[in-house]
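Look at the two complexes coming up: chain A is in both, with chain B in one and chain C in the other.
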Partner chain A sequence: MFARGAVVALYQPQWGQVRNMATLKDITRRLKSIKNIQKITKSMKMVSAAKYARAERELKPARVYGTGALALYEKAEIKAPEDKKKHLLIGVSSDRGLCGAIHTSIAKTLKNEITNLSNAGKEVMVVGVGDKIRGLLQRTHGNYLLLTFKEVGRRPPSFGDASVIASELLNSGYEFDEGSVIYNRFRSVISYKTDEKPIFSLETVAGSESLSIYDDIDADVLRNYQEFTLANILYYSLKESTTSEQSARMTAMDNASKNASEMIDKLTLTFNRTRQAVITKELIEIISGAAALD
Partner chain B sequence: MFRARRLLLRLAARPPLPPPRARGYADPAAGPVPMAFTFASPTQVFYNGANVKQVDVPTLTGSFGILASHVPTLQVLKPGVVTVYAEDGTATKYFVSSGSVTVHADSTVQVLAEEAVTMDMLDLAAAKSNLEKAVSEMAAASDEAAKAEAQIKVEANEALVKALE
Partner chain C sequence: RSLPSLGPAAMVAYWRQAGLSYIRYSQICAQVVRAAMKPQYKAEAERAAMATVKTLKPKKE
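Presenting the complex of A and B:
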């Protein structure tokens, strides 16, 4: 009746694919490892909470300082002329992961900006503050990376760190006309937003028409002022960035601990069920063995 | 009835409005815009948008005092004393290491100091010994960079000693 031939589909029992019911030992092992993970994530959350409290406290004066430094650019409405070609992007993040979408949001914004600016015909270079930025941009946009900074995020940032970044940038030899600092602005414990603040080069500011209302400025003073403002803006973005990162890490570790407890509950139930099943099986064997003797 | 109404209207319309007050040459300007003064260091905020009478700042081009409606300017601070005169006349002094001062057209003033401390945090004896050390460092400095650094230390310590005496 069946046509002879190899076309007939034969049901093959599949080896190795069938999962036996997990033994008690497997479940115990899984349970132990998940409990360890929960302890780790809980302690990471505590550490992040402490660092976050300190970062938020230090952010308050840093915000006043940063808004003061940016006030000139806003009030004088300095804008780079359209034909200026050289652009600089500074992405501020850190070295360490496990903090949610902090690094990827900066990298995404950077990649979008690079594409937009390149399409508009401008020359773009990127400075990455934090090893994660380097890691995320290296493969696809490696040739745009001008400088990267490591050892960011281990200690709370100080003004000295910002001035090191500013001086390396100014000594790098890349004569940018305008640029922006991309950082995560802290909004609240559970939310942050990726934000952009402008920076301008000495020539752009000196050539800006609205600067003429400022009296008695000579080139030396203006250069000094500009370099100081650059360090100020970097300091402000570093402070905001750290606070956002610590709060995001706190949230991420908290979620991880919650997920781990959920898994522990489910596994404990499975463990108890399995244990009871094992006991029942032994009883059945004994009883049927005894019944067979009768 | 109409007559009464017309009379009422006339009475109501009677008092003429005073003519709009034109400003004569002898009148003062529209009123001084109060100074919104912000004075901060990276770690501490001393004044934030406060209303003060006058601020004296030491800059690279000399010391000058800023009152409300000062002409807009950008300056760089040099080590020295910033004196803030509050509305009631009390003066508070701070020692600043360096920084920038910005006066805008709308009478907002930002003094951003890299390091700023109140005078009671400073010790004259320590300042004098630091000054001596800095002078000897400058004499012993070999290359340009070290010489420049030592020079900066000497200037800062000199200003400190001068401020405390």
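Presenting the complex of A and C:
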């Protein structure tokens, strides 16, 4: 039997649909608020430009830390064995918004990685550097969050920040086998790319065969090196991340100012047209009133 | 992390035996160096080394 659902035909009387033509006062109010917004976005762009210049200047020496830290992993071709279970993801972003797709691209990559790793049967935990990461992940993937860090982005990052993050990570008690840092790598003023850099646990590095070519390596030296590398990689990713964020905020605020100017031009035209229409209407009333007296 | 066991002729550093991590050790060393700097360079170094990040542990329900 083909059951047909009851179809209720709701008749909505058309009263609120017709929009009246805006009065001069409405247009003036809108024009004033958009002009204020344009001033704000323009000043935000200036501030971001200054912060970006400083961040880019500080990025050049910081890149050395990153490439140096990762050089051992690349030269010795250290790879984690496939059967390792515990994984760690560190998403590096910041607290403040209005910077385009910076936070959402990191969160998207994190969510994809969580799904892939969980499907492969691995245990995943996420560390969020920056309040925005926590906000984006908490609702859906809240149980994967191990730690979050806030007050990121207000001042340029220092090695002290990276040390604090690395220390907290090491003291958290989560013994991960393998991990990766997900950050926005700065390419140029107008482009950045979400990138991933690996981190390995002490056991993985110590157990790698190619390590025997290095002289004077014992467990203590390796452990010191691992801890220091963690801080180095975090410092490098923080520096790259802030530079990308400032350049993205500059672009976003520039676009916002441009859009605001376009709206101001359009509104000014409608304002003039409306003003002329009001004057014409008054004239018509006066003239028809005068004609009615005859 | 647990204290490393002293295997055959293990060269474990004194600070590692005291329970410090390498990061904490280098932080303390840097603090000492900064305290020994001349005043005109000290202020700049202190400012560059300031750590502003705060940790937030997620509440377990």
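Here is the rule we go by: the second predicted complex is superposed on the first by the 281 of 294 C-alpha atoms of A that agree within 3 Å, B and C clash if a C-alpha of one lies under 4 Å from a C-alpha of the other, contacts with A are read in each partner's own complex, and residues count from 1 in each chain.
Here, a residue touches a chain if its C-beta (ideal position, glycine included) is under 8 Å from a C-beta of that chain, and two chains touch if they have at least 3 such contacts.
What you are looking at is a predicted structure, and each value in this text was computed from that prediction instead of being measured.
Once the two complexes are laid over each other on the shared chain, residue contacts for A:279 go to neither chain B nor chain C. Residue contacts after overlaying the shared chain place A:142 against chain C, while chain B stays out of touching range. Look at A:269: by the touch rule set out above, it reaches neither chain B nor chain C. After overlaying the two complexes on the shared chain, residue contacts for A:150 are found with chain C alone; chain B is out of touch. Within the superposed three-chain model, A:159 lies in touch with chain B and with chain C [touch as defined at top]. Of the two partner chains placed around the shared chain by superposition, chain B is the only one that A:72 touches, whereas chain C remains out of contact. When the shared chain is aligned, chain B comes close enough to touch A:235, but chain C does not. Once the two complexes are laid over each other on the shared chain, residue contacts for A:98 go to neither chain B nor chain C.
Of the two partner chains, neither chain B nor chain C is touched by A:53. Ranking chain B and chain C by residues of chain A touched puts C first. In the three-chain superposition model, chain A touches both chain B and chain C at residues 158-159, 224, 228. Chain contact summary for the complex, chain C toward chain A: residues 1, 4, 10-13, 16, 21-24, 26-27, 48-58.
On the chain A side of its complex with chain B, the touching residues are 58, 60-62, 64-65, 68-69, 71-72, 75-76, 158-159, 213-217, 221-222, 224-225, 228-229, 232, 235. For chain B in complex with chain A, the touching residues are 38, 40-45, 48, 60-61, 71-76, 98-100, 102, 104-106, 108, 110, 112, 114. Chain A makes touch with chain C in their complex at residues 129, 134, 138, 142, 145-152, 154-155, 157-161, 163-168, 170, 218-220, 223-224, 227-228, 230-231.
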